[in-house]
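Read through the structure below, which is laid out as structure tokens, and then see the notes.
The chains carry the letters A, B, C and D, assigned in the order they are written, with residues numbered from 1 in each.
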């Protein structure tokens, strides 16, 4: 099903949902995140391995009640100031966190995609992460007696990912660094995919991940939907924007001004896009 | 390291080894299997999800002490008569079997490739397979209390797979149906890959699996090395050969005649190939 | 068989099996009779049928019948090809597949399936069969299972010699007790008729006989005291299009 | 810092780190200083260095420094790109990677690393850092770990506020007790010198000081009573090629 982005968000994302906007440093669904802010969605549990600028923006806008993650930063620049402000000062709303390692999060998505309640890995052992959440445990190998780490499956209500292309039947194609996109889509109850373009035919590309339309709830065309991040084969990352974000996000008022002009001010543009 | 096939088998496969010649109905390493027969290797534990004609030949030639598998047949034709003769009559040597489902075997390779001692799945429950091997067990989810099936990792001494191409550095490229080839290579202590051709540069192909040379012990050029099976993009399966095998393999003497002329008689050809 | 119509009992079986599939389904296809039937369905009333084979070919539309589960034609015409671990873990196991389409060497009163050994002694079998393949988990995890098999007292037995794939176990409630997520076999289509599990006992019951076949003939080909529906229907004959599609696929 | 030579302390650090890598190694590269050092190594003495980044880019050879762990240039120049679950499960976890190359916000006497929070209270931190990322399992599962970090009493502390990644725990035998398969941190390279774990106690010990740096200066930048090798060596200065490669990468 191909829908306008605002309709897709309205129909498939609800207050209180667990939502994963994934993208491992590539194909980050920024346009979808901004639409969530515009629609004033709140009380969300946000999930992502690498929450970066768009999650900082959503957290700063008060969309999130909880963040489940493994690395939160402005990649190549530094810290996330809205994220810090929410954790350290509860502004604009308190943010609960549940923290993992990348290996743990990746395996949680794998378990979620596989329809099993947990995954095993060699991870976390000896770290202080274990004491901070009940979502890390151990299991004993029934064959060797060895103890391994277990993490629970994660099954978000909604996965939102960005991809290069979809065809008119709703099959989605992405390539380059494809991260955990397949896993998050298969782990989630609903999936909304924004794409650079909808085409008649998806010419196969080396390294592609193809998401069959059966596992995609809706596709929305959103050209440039990953900016200021990048879309392999379409446009490069704007490093300047990441650096600018450091300045904008340090100050609450500066941030709110940005929100008014850059997110709320672009509603109509986004709809027309 | 690029070696002639006979040297590769001589150096890396030894009597008593656990050897997995994989290929899920595609890219079956037939030439390597015949070289193992020619070299008179024995007491092998053969592992494969889908033992078919080449395993029937190796079993009939007396190479195998044990077979670990999930489906043994002549695909599209019928039964494996040498396999049956070994199990039912111990000819030419008794064959111990350890039997799994595809899902179980695939997960055993995944665990082996992942460096963990077991994998979990929803499988085997209620079947009589469980009573026939100690290699199926249960584990309890530490988060939900649910009971799941566990299978132990499999880590063969040697993996042997066939691929379309390798470059001179020993990077291997295969595409089409790629089965469990990546997993068996990563799960095994040593890997020998036969290829249709060695090329200067591996042009990326949609759907490819690339095995970096770091995980490939040796590459041997063996054009047509999957015949009478097929190599996607190179040649098609000879269905006639599969049907002929049914006749040849039904009779021990007919089989031995075939072995003399078609395997032992082709030593030099294979070396020159 | 006493049919004098211009199609064979096998054709009747395959077409009936094909009709069990609808255009919006995802179907995990076994090789042989299931593959033939699924390929008839996609060319007749179910053009949207999403076929997956255990070789990792998702959404494939082969333009001829594949010779094996991993035929090259399956890869060439698939939406995408994934690894074998992925097809089992990401696609089959979570219950994404509507219908598992299986054959059977032996099947019993409760639609349990044996493809492992004939005979009482696993270690010294009368006949060694190919084994499990993908069937145990297809039978466990698809939303429902359809079985296609030729009916005879050798194949349709009181209790299978070896449970390779669980149907309805020993009757009502067994799948739930075992924690199997799918509904299990909902239809068994043979060259003589159609059997369905009784809603309360889960015992296979004859609900339809093919034209020209009598209920007694079906009973005679069944290795247990076959239950028969109050008013078994007569299966609708293959139509011209179904037969021509089937014959073009099988070159018959 | 009193160096008057024509390179900076950071350049000394990066070049020294680069020299820890050899051409036959597989290296799991962290972003920032480790990435810069690995990219110097591959362009100087270690042309065969096989770099992998946690974004799934295996055997990558970026022709400029990646801006992030998942920069497009990494995918374009990689032998192959795999999924993030695969890079952790199939490549890192089984111990295939020789060297894990990490940075650290805080590091302690036993080379445990903190990249999570500064302050005693996790739920009310003084400073919230980015978190674990791939580091805990890189530190656990690579054959050895090399750490690169600027030395100061703020960063080099008696005990880290939060153990994000285990170095040598509380000393000798701790990694074995925890069942960690890799050898853990074998070198810590700073802008002042090189520290290595004492072979028996596993406590970080100053084994080399950079030219122009005194042992007392290193002690003063360390938050614990730093052990010093009997005869610490002086680190070899960067050569012209190393410096020119490094500067062309960093545009400095």
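To be clear about the criterion, a residue touches a chain if its C-beta (ideal position, glycine included) is under 8 Å from a C-beta of that chain, and two chains touch if they have at least 3 such contacts.
Chain identities (UniProt): A, B = Glutaconate CoA-transferase subunit A; C, D = Glutaconate CoA-transferase subunit B.
Since we're looking at a predicted model, the values are computed, not measured.
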item	value
Intersection of contact partners for subunit A and subunit D	B
Mean-CA-position distance for subunit B and subunit A (Å)	40
Whole-Å gap separating subunit C and subunit D, where each centre is the average of the chain's CA atoms	58
Numbers and ranges of subunit C residues touching at least 2 other chains	80, 89, 93, 141
Multi-partner residues of subunit B (at least 2 other chains)	115-116, 121-122, 146, 182-183, 207
Pairs of chains in contact (touch as defined earlier), listed by label	A-B, A-C, A-D, B-C, B-D
Contacting residues of subunit B [partner subunit A, same complex]	115-122, 135, 137-144, 146, 148, 150, 152, 204-208
Partner subunit D, residues of subunit B touching it in the complex	113-116, 171, 182-183, 186, 210, 212, 214-215
Interfacial residue positions of subunit B with respect to subunit C in the complex	24-26, 49-50, 69-73, 75-76, 79-80, 83-84, 87-88, 99-103, 106-107, 109-110, 121-129, 132, 146-147, 176-180, 182-183, 207, 209, 230, 232, 236-237, 239
Residues of subunit C defined as touching subunit A within the complex	26, 50, 58-59, 79-80, 89-90, 93-96, 141
Contact set on subunit D toward subunit A in their complex	31, 54-57, 67-72, 74-75, 80-81, 83-85, 88-89, 92-93, 116, 122, 124-125, 127-137, 140-141, 162-166, 169, 174, 178-181
